[in-house]
Structures are given as structure tokens and as C-alpha cells.
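Could you have a look at this structure, given as C-alpha cells, before my questions?
First chain written, first letter: the chains are A, B, C and D, and each begins at residue 1.
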Amino acid sequence: MTVFAGRIARVRELGIVVALVVLFGVTGAVNPAFLSPAGLRDILLNSAIIATLAVGQTLVVVTRNVDLSVSSVVGISAFGGALILADHPQVPIPVVIAGCVLLGAACGAVNGLLVGVAKVPALVATLGTLYAFRGVDHAWAGGRQVNAADMPPGFLRLGSADVLGVPLPALVALTVLLAVGWVLRNLPQGRELYAIGSSPEAAVLAGIPVKRRVVSAFVAGGALAGLAGVMWAARFGTVDATVATGKELDVIAAVVVGGVAIFGGSGTVYGAALGALLLSGITSALAVLRVDALAQTAVNGALILAAIMLDRLLALRVARSLRKRRRDAR
Amino acid sequence: MLALREVSKSFGAVRALRGVSLDLAPGEAHALAGENGAGKSTLVKILSGVHRPDEGALLLDGEPVEFHGPADARAAGVAVIYQEPALFPDLSVAENVFMGRHPRRSFGRVDRRAMRTRALDLFSRLGVPLDPARPARGLSIADQQLVEIAKALSRDARVLVMDEPTAALSGPEVERLFGVARSLRDQGRAVLFVSHRLDEMFALCERVTTLRDGAVVATDVLADITPDDLVRRMVGRDLAALFPKQPTVPGEVALKVDRLTREGVFTDVSFEVRAGEIVALAGLVGAGRSEVARAVFGVDRRDAGSVHVAGRPLRAGSPTEAMAAGVALVPEDRRQQGLVMDLSIERNIGLTTLKWGLLSRAAERARATDWAIRLQVRYAGLTDAVTVLSGGNQQKVVLAKWLARKPRVLIVDEPTRGIDVGTKAEVHRLLSELAAEGLAVLMISSELPEVLGMADRVLVMHEGRLVADLPRAEATEERVVAAATGRPA
Amino acid sequence: MRVDRWETLVVALLAAVTVAASLGVDGFANGSNVAFLLLDVTEIALMALTMTLVIVAAEIDLSVASTLGLCCAVLGRLWTAGLPIEAIMPICLVTGALAGALNGLLVTRLGLPSLAVTIGTFALYRGLAYVILGDQAVADLPPAYTGLATQSLGPIPLLTLLVVVLAVAAGILLHATGLGRAVTALGANEEAAYFAGIRVKRIKFWLFVASGTMAGLAALVFTFRYASARADNGVGLELAVVAAVLLGGVSIFGGRGTLAGVVAAVLLLAVVRNALILADVANEVLNFVTGLLLVASVLAPNLKVRLERKPVQ
Amino acid sequence: GGTTRSDVAAQRSAAPAASTAPAAADPNAPIKPGLKIAFLPKQVNNPYFTIANRDGVAAAKEFGGEGKEVGPSEASASSQVSYINTLIQQKQDAIVISANDPNAVVPALKQAMAAGIKVVSYDSDTAQDGRNVFVNQASAEDLGRTQVQLLAGQLGHKGKIAVLSATPNATNQNTWIEFMKDELTKPEYKDMELVKVAYGNDDDQKSFTETQGLLRSYPDLAGIISPTTVGIAAAARYLSDSDFKGKVKLTGLGTPNQLRAFVKDGTIEGFELWNPGDLGYLAGWAAAALASGQITGAEGERFKAGRLGEYTVGAGGEVLLGKPTVFDAQNIDDFDF
């Protein structure tokens, strides 16, 4: 019977794996360069930041919340980090990275307190902080731009260096993914996040410290957004106050495409990361396939829809076969 | 062991408890009786740390304690089964049972295997064939209740508080639950048992405390009093017959169900209900009764078979059409299916009679008032959200909402679940009166006395099939139970 | 205590801010500024009306701005192709309706969450706009219509009258008709509404169609008002619309909200922005204030409820 | 029946714009004291505009006026219109604007002009009837052609090239690209082929991905022109740590500060840009000249622009800043913007 639950869990990600295989297969067949080592490296690099963000977002979304402010947190962290690197080159890089993560965590804490303690619905609270954090970022930057030449080359190298042939940002994202995935699956604290998302009232009755868990989910999500900000600065090398504007919808799309229920309670970070991979894969594929530039956005949207529909249809099929067998499976 | 001293609790203007004292002794099962809205659940929630008393104190082993939340109560050894199941639909049944106190392995990891075996063990003690790995979503109310029970039992607590745990259960499950509760009691635990079924209190408990309007009326030793005494304490007066079924002459066939099948749920169900007739659908939990009702009403699709109302076929899967044909369904899960909890009482009652055009508030109010009075709903104002009503009063609102439509065929799924004796008699009288006026009633009930007392005919389901059709005269407790458990009568 | 009292607060705040701005900000309280201010929120106000219904029904439509863009593109394309504008306008509305219908179908027939669906169509519709109109900017629109879009009847812009009429209609629909009650009920508890015979899916479907159609109407207004049809018309408006609706006290979880609150919120946001810009407050502060208003909008009544929860002795 | 496009065109030609004969310019009029001049960029906090407007405000100070920068934080025409209205209410003397949509801002700008406010467009022009003068950073033709020439020089006039632009709707970029295409039809470019125009939407990530896409789908690509500062920086960053560094040539429009690192590490040989500070400065002076009556926007009028010297209004009310500067390893350290 555990097979059952296991099967459902696997099927939830199956849809998107199928979509990924199709995407890579078709694109690779048309243009083998897409699947060359360098091509794959590009895709990993492209998806690293969004994947990191999607993992953080998943933490929040499973608790039946959402963090729209991620893009602003990435922006503020990227700018903050770049500014310190440019103006205070004596500060060691690891300290800067830690600082950015902390800055992100602090933003996450603001969201977490608003949502967990002050009981502002997450969509409202983080739509508010989406504006507010960006406002702070703009005020801080005041039109300034930090350029590649202003930042230490050692830092910029982090954005593209390879370890064993795999780009460093992708490794970071993978590490984050595995760590968070492990916590969510194996630790009671992780399970409790799912419980909160599945039924907040029942979670209170079960004696789960709901506030604390929700706040920590936001803080962790914020910290990952801070990390993503550093990755952004290292990778693009040009940072101003508009960094990552509008990326919040991409992140949420990745999470949703990855099969994480937007109303909480189910879904995995692996799915979300696959979703991120799929979405950046689509963008890359469209660029590689010589799809008419004007049609790209439309095709992108259509593919997102196709992916969620595929996922849904597979889930429905499973549900149907499950009902047929329910009598014996009760 | 656990005691309340002079506890009061108000919600706004409503004084739910006033100066209540209660002692739970080790090795004793204590019953809590009272009408709907008397304050039983509020008392339970104070014991479990959900609410904090405005005045008065909680004593644990003689020492005053304060519970700041359910976690505190749990730490103090209090396990609670709430009146409304509160499960995590997305999580597995096993995880539901152990949420908040997972068994651990190295590195603080959750021990899934232990969770599974312990859940299986609990379910076998309760005699429920539930799969611990299935998600809680889609469990019937009864199964949900059983998971709640397993949850509380798994806690191995010193005090077990049960708020109407049996409301959705039928005979055998209740028996098993009592078996487990008795053995806990005999191990020196304290048990608090809330129910509207008097026989159950007498069967399980030693003492009973009766609440009326939030205050304690009396605490009696059950062996010294009769059910009538208890009813008098609760209601403050004597009650007329509980099941006042008037004899009626069945008229035309109002509802005809033919070979109805929904794969994996029920098979080949055929029956008729005539105008003026009350037909009971009996069976064990999970026999598929509610599912039949849902398919007849059209909220679930059917895979085969047909439904006719007054000779006209009903299209599958359209509640709107069923309603237009005069069918009404009072569903079993009032919070999810019966009520829009955030809406006011009057708007809930008005929900079934909505027309597309402009609404008349006056008419809506008038209809709501009318039905609220007829069903004796206890409320502060008709504009209050139904959330603030006690469980039984919520049930009455659901009834009112459907009766307001003046249906031709009324399907009621556990119509008196969680309703107190006084109101139950009232509901029964009402059903019987409506039947006498020509209404066809299909009543699903897990309470055998209700089935036997009210029905003109008893249909019994077992594992998704209709196994018996007994006229009133032949419907005895033995025959119904035999059919329901699949034994030849 | 009533939970839906936030909109009174928004109205009060609107009044207060308006008075303060009239007294304290040069150039605020003059006819042309007020007329412009009203005119400037037309599209947001229009889309907020249907968005309110959609959110009360516990769904969301993030594709509205993209639908607007798509309709603008269709308009531009057909206009350059030589069709008369009188024929293009209904086509524009139908395009919006179709876009909404696709959202509605995916949500109701496949049971997909609307947030997911409309993030997808958010990209799809904007993309289609580019496919249809490409990088063209169509500006030679008929002066009769572009003029009409900025015309006033006395001190009040014509378009504002349109908004008022539609707002009243939407208000009656939501608050005084059975359909509106059904929308509220299904937003608060879809299953119970379904059990009560409410045609949940059908209603939701038509709400999305309405939302799309309204985006089509907003597209007409936008195009004529700015005399410019481009594929990127209205980029980013969806968040402004959602923000206004939420500020108006509509619960994001559905089942609760009033149109009066939303209209007041649209105006409040507009007045605050206008006054702050007039007072030469930097743009970043403006964004900050918008964010703060949003959060405060929910925080304030929450705190109020908390204070009132204190037991009465 | 109904109104079609040709009807409108017919009407327009039938009723020639009743151009109110402009008051004659008085080239010797002194600059009025205390002129209020507002700079309305496409987007505030954009480094390029920050530089331009800083010098514009400085210019205002030089001639005893008062300059300020206002504007939206997202580059959209509709929010610019809100700002134009506000500036009308504030009774500014002149508005200096870089239009997000050349047409959408025109109705509002006309109102401003009706209220006696002078309008100067800079960087990105509006439709002609929406402004008095356009301060052009460099002629679109020059820019388009020189970028091709620059790249052709680096490539030896041979190979496939691509363009990485901003958004498909970016007016400036589209004009330049037209001139690039035209330049490429000349015989000396017969061995060069423009294979694709890609759009990075002025978004780092998208520009990055598009650059990769170009390189993967055209493995024999020889060069990329990116006539947008965001695009060229992203492309440079990608090339700088890919195998294509130095092999695929990159040029376009960018600021020296942004690209300094890439010129030094050999990713970019050379690129061009005008001085944005000078652009804002000149626009500021042009606004003052208009508001003081020194010029009206008619061809041939002349005005002084502080440290930049004297300028002449050209055809269509255009004032040309000058030729763009080409930056390379030799001169890049002489610039700081």
C-alpha cells in the first residue's frame, strides 16, 4: 500500500519529467549543439538562480502562503552585495555572501512576521513588500550601477567557475535543493510545514508551533533569495536597482509547473527545481531553435500551459485508477 | 486528576460557560450531557487549551495550571477528540495520527516504518481496515472520526476527552471504541465523554455532568438515574415520545433508483421511495450509503443506472437539475458540504432558494426567521456567521436551508448527527409531519433506534450492495445488524 | 463586530487624504487635475471591477494586462488592415472574451488552479500580442474616438461616467442579486455551494469571460486615451489591479469583499500617487507607500479584531 | 460605413495642421531667470539617465534656473503621462522627456504645450507634433551605420552577424537596426550576413539566454551588435567566460564603466556611445533657450549651450549632439560614466 502513496508522489513529478525529456529530445534532435556539454552547461547556469528561488518559494508555498517579494529581495541583496564589494574591496568575499544571505533572511523575517504573527494574508503582505523592498532598493541605489570592473574578479569567477565540469552556481543550487528536500521529507519540522499548509486549523490543534514554522519558512525562503542575489551579482556582473524585476512570476510559475499545490500541503522541492529547469530550458530551447523572436513569449506561455495541463491529466488518471481500487485499498 | 473550578467563558455577548466546576477522576469515565449550545464543546476546548477561561482555574493533580495552547494541554497528558474532525487532507493517514509527535530515528529523522506499524496496530485495535498510507483526503466523516480517535489513543494520555466521537459511527465501531475506552479507564486513565446518545452514556460512564445554558445543573452517578431523569436535567422538562412517527399511506412512487452503480463504491443499487414514506438506509460505516445519496442527488457522477423522480428521469451529475425536480440532500458533512461557514445564518438558509435576479432582503429574512423558529435554532442574530453556532445548531441551519425549498423528495444523511435529544424529537416530529403531508424521505442513519423508530421501510447496505429491504414490521435490531454485517438473517 | 468594515476605513482614508492633499499640495485641488486623476485610473478601475468578482469567487486572473495587450494588438492590426473602427471595437471585446473563456475553461474543466493558469496565459496573451502586431506602433487612430476618450462632460471625464455606470452595475450584481450571492457563497465554500445546487463551474467560467471582456474594454479605452496601439500596452497593470482590489478589503481567499471598498481603494491609490508626485516625492517613496498601504489595509482590521476579541466583562 | 484608416488619412491631408505661426524667435533674448525645467526620463534610477539628468540639472543651475528629475520607476508610457500631467499642474517652464512610446505621450504633451510649457525630447524622440525640439544624441543613421562599420572592421568584413536588441517595440533600437540593415546592403559587406535580430528585453537573464541561443544556433556566428546597454553588458559577461571569448566579436552601445572590464580582458575590442551627460546638458540648455524665446524650434535657429558651445536647430526641430565616441582599450580609461 505504501507503493500507492509512493506512486502518487512519483507521478506528481512524472508529468514534468516527461515534459523535460520531450523538450530536450526535440530541441536536441533539431540542434545537437543544445545537448553539447557547453550547451548543457549553459542551461544549468541559466536555471541555477531560478531553481534556488523556486526551492525557497516551495518552502513558503507548502505552508499555504506565497512570497511575491522574492524578486525585490534578490534585487536588494544583489545590489547590497555588489556595493560592498565595489566600495569596500577589503571585505572578504565569504563575509559579503553571508551578509547577503542575512539581508535576505531579514527581508524574509519581515514577511514572516507580517504573515505568521500579524495574520496578513501572504499574497497581500508580500505584494506590499514587493513594492516596499524595491522602493528601499531604489532609494539605496539612487541610480547607481555597479559594474564588472568594480567588483573583484575572484567574485565574478564564482558566477561561472566549474567544479568537476559543473558550474558552481548549479552546484550551489543542487546542494540547496538536496538539503531542503531532505529536511522537508525527513525532519518533523519539515513535515509540519506540509501539515500547516494542508490544514492550518488542524495544525494548531495538533500543537504545531504554527507561527514559528511559518516565520521560519519565510526566513529560509528569504535567505535563499539573498543567496540568489549574490549569484545574480556574480553571474551578470552589472547590478543596479532594477535587478530581477518581475522575476517573482517566473519563480511562482516554476513552482506551480513543478507540481507544488499553490494552496499548500503538497509538492516537493524536486518538482519545483525541475519546474525551474523546464522553464529555463524552454527559454533556451526557443532561442536555440531559431523560433521567431516575436513568437517566443507566446510559445513560452503555451508551453507553460501545456506542462501544467499534462501534469494535471496524469494526476487525474491516477486518481481514477485509485478510485477503482479503493474498495480493496481502504 | 484534571479539574475545572468555577470556569466562565464568553464569546462577545454569548456566555458559553458560567461558573462550571468538574472533576475528572482516574479510572472513571465521566459523561457530559446537555442540549445543543449548552457549552460542552467549549468546556472541551478549555480542557484542551484551545480557549482560555475568562475566569476560574484549571487544576492538574490539584495544582493550578494554565494551558496557553493545545501543545501545553498535550504536554500535560490530555488527549482530545474534537467534535469536528481536523485532519490534514494532503498527508497520509499515518502521518495524520502522528503529526506533532513523529516517532524519530537517527539525526532526528521521522521513522516512517514505526509510524506505519503503530498506526496499523491502532486501527486493528479499533477494528478499522484503514490503509495508513492513503491520504486523508476523501475519507468519509466516519473514517475521519476514526482517525481522530486513533490519534488521541496513540497519545497514550492520562486524560482522554472525547467530544461526540460516536456521532458518525454505527454500532460495531462504537462498541470497539468503548472497548478501548474501558480498557484505558481500567488502566487508571480519566475519560470525559460527550454525546447526545443517552444509551451510550449509560453504557460507558459512571458519572454524568449535565450542562444547561453554560451552567452545571447536576452531577449524578449514572447507576442512580434513568434516561428520563437525564433528559429532564438537560431540557428542564419532560419530553414526548422520541420517535413520533405517524402512520401514513404511501402514495405515488416519488423516487425510483434503478441499478445505480459507481465503480469501486457501490453496485447495482435499486429501490423506490413513495410519497409519504420514510425509508431508512442503514448499514455500517463505509457501506456506501452516503455515496448512494450523493449519486442520486447528482453531486457525484454515476457509472450506470438511472434515477427517476416522480416518473421523470434525472440527468446524471447535476444537483441543480435534481433540485429542480424537487430533490433535496442534507449532506453528512455540514461544515464542508452543508454550510458556508463565513456567511450569516439567513444567507445560508437562503442559499438553496437563490434566483438570478434581484434579491429581497425582507423575504430572505422572513423565511430564515420562520425556519429558525420552527427548528428552534439558538442564535444571537440572524446576521451572525454560522461559525459561532454550536454543532447541533449548525445542523439545524442545514435542515432549515433544505426544508425552505419545500422538496418533494428529501434525502437526509445523518439528519440528527450531533443534535440533542430535545431537538432530535423535534426533527423527528417534523420529518414525520412532512411525510404525512406527502414528502418522500430517504433517511441515512447510523443510529439504530432512530432507524427502527422512524422508518416505514429499512434498506440495508453492505459493502456497496443493497442486501435487505425490510418493512417496518419485520425490521428488528437483529435483522438489520445481521444484514449490515453481511451475515444471513 | 462586522468583519467587512474595512471599506469604511478606506473611504475615510480616501476622504482624509483628499482633504489633506487639497490643503497641502499645490495644484491638487483644481478641476483639470482632478479630471486627469479620474481619467488616469480608468483602465485599472474597469479591470478591478471584474477582478473583484473573480477574487470574491476565490480565483484570480493575472492575465488581464496581457489580455489588454492582446486586444490592443488586434485593434492595431485590424486598423492597419483597413477595417472600420466601428467593426474593430466589438471584435476587440470578443477577443477579450475569448481570452477569458480560455482561462475559464482551463480552470473549470481541467480543475487547474487559476493562479497557475493565468500565469501561463499572462505570457501567452502578451506573446500573441507580439505575434499579431510585432514591433509596430499604430498611432494614426481616428481623432473622433481618441478625442472622445479624453472628453469631459462638465468637470467629469466621459470615461469616468462609464466607470461609474459599470461600477454600479457590478455592485448591484454582487451585492443585490442571487447571482452575486452565489458568487460569494462559492468563493467562501465551493463544495457547500455545489451541494446547494449552485452551478459553480458555470459561474466561474463566466466570471473569467467577464474579466477578459472587461480587459478588452480597457484595451479600447487605453488605445484611444493614449492614441497608441502597441503590443506592450498595459504591461504590469495586473499587479496594480490586484493591489487595488486587495486594498479594497476583498479577501484573497474569496467569499468576502465589497465593490464600494474596491472603488474607494482605486481612488485612494490614485489620489495618494497624484498628491505625492505633485509634492515632488521621489518615485521610490511612492512605491514604498503603495506597499505600506497594502499591508496596512489588512493589518489595521486584524488589529482591530484582536483588540475587540478581548472578553467583555 | 465606419471610420477606416484611409478615412483618417484623408481627413488629415484635407485639413493641414493649422500651425499657429510661432512667435518669431529672438536670438538675443536673455535666458529668463528662475526657469523651472523638469527632466522626465524613460525610467528613474536608470544609470544612463541618472548621468544625463545630473548634467541637465547642472546646466539649469548654470543659467540660473531650477532643474529636477522626476519619473516612473518602470519604463511605461502610461506612467510617464501621469508625470506630464503633474508637471502641467506644477506650471513648469519646460519639460525634457525621453519617450517610452513616441505616440502615447503626445496628447499629454500637447496639453502641456497648450499650457505654455516648452517641450524638449531627448534620447528617444516623440512624434514631431508632441515637442518643440528633439535633442538627438547622434543621428540614427550615423549610429546604425557606424555600429556596422565598427563590427565590420573587427571582422575584416566577413562572416555572419546578429543583433541583440532591447524589446521588439524599442523605437530607437528599431530605427538603428533599419539603418544597420541598409548599411549591410552596400557592396563592401557582401561577405557579411545579418542572420537574426534577437530581443533580450533589456533584462539581464533574457539577454544572457538569447546570447547563448545565438551562439548555439549559429555556430559560425562571427559577431554580435547589441545597441542597448543592458544587452551588450550581458552578452559581454557571457562571452567573457565562454569558449567564444575573443572569437565572436561584440560591439554596440554601452557605457565605458559598464564595459571597462570586458575591453581590458579582450572580450570587446571597441564599442561606441555619446556622452550621456552632454546629452542632458544640451537638452537643458535647449529647454532654456525655448522657454526664453531664443528659439522656437524652427530650422536654422541657433542657441548657446554653455560649455558645449553653439548649436543649430536642424530639420524637423532636431538638434544634433555630435558624433558618438568610439571606446577601445586605448581611450577607455579617459572616461568615467
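Please note the rule applied: contacts are C-beta pairs under 8 Å (C-beta built on N, C-alpha and C of every residue); 3 or more make two chains touch, one makes a residue touch a chain.
Note that the structure is predicted; figures quoted are calculated from it, not measured.
When the C-beta contacts at A-D and at B-C are tallied, the pair with the greater total is A-D. Separating the centre of chain A from that of chain D, both taken as means of CA atoms, is a distance of 36 Å. Rounded to whole angstrom, the centroid-to-centroid distance between chain A and chain B, based on C-alpha atoms, equals 44 Å. Rounded to whole angstrom, the centroid-to-centroid distance between chain C and chain D, based on C-alpha atoms, equals 34 Å.
Each of residues 44-45, 73-74, 168 in chain D touches at least two other chains. Residues of chain C in contact with at least two other chains: 130, 134-135, 236, 282-284, 287. Among the residues of chain B, none is found touching two or more other chains. Pairs of chains that satisfy the touch definition comprise A-B, A-C, A-D, B-C, C-D. Against chain C, the residues of chain B that register as touching in their complex are 10, 12-13, 54, 299, 319-320, 322-323, 329, 331, 336-343, 347, 350-352, 354-359, 401. Residue ranges on chain A touching chain B, taken from their complex, read 1-2, 4-5, 8, 186-188, 191-192, 194-195, 197-199, 201-209, 261, 264-266, 323-327, 329-330.
Of all the residues in chain B, the ones that touch chain A in their complex are 48, 50, 69-71, 74, 80, 82, 86-92, 95, 99-100, 102, 104, 107-110, 116, 129-135, 143, 263-265, 286, 463-464. Considering their complex, residues 43-47, 49-50, 73-74, 168, 196-199, 203-206, 208-210, 212-214, 216-217, 219, 230, 233-234, 236-237, 241-243, 257-262, 264 of chain D touch chain A. The part of chain D that touches chain C in the complex is made up of residues 1-9, 11-12, 44-45, 68, 70-74, 76-78, 81-83, 85-86, 88-91, 101-107, 127, 167-169, 171, 174.
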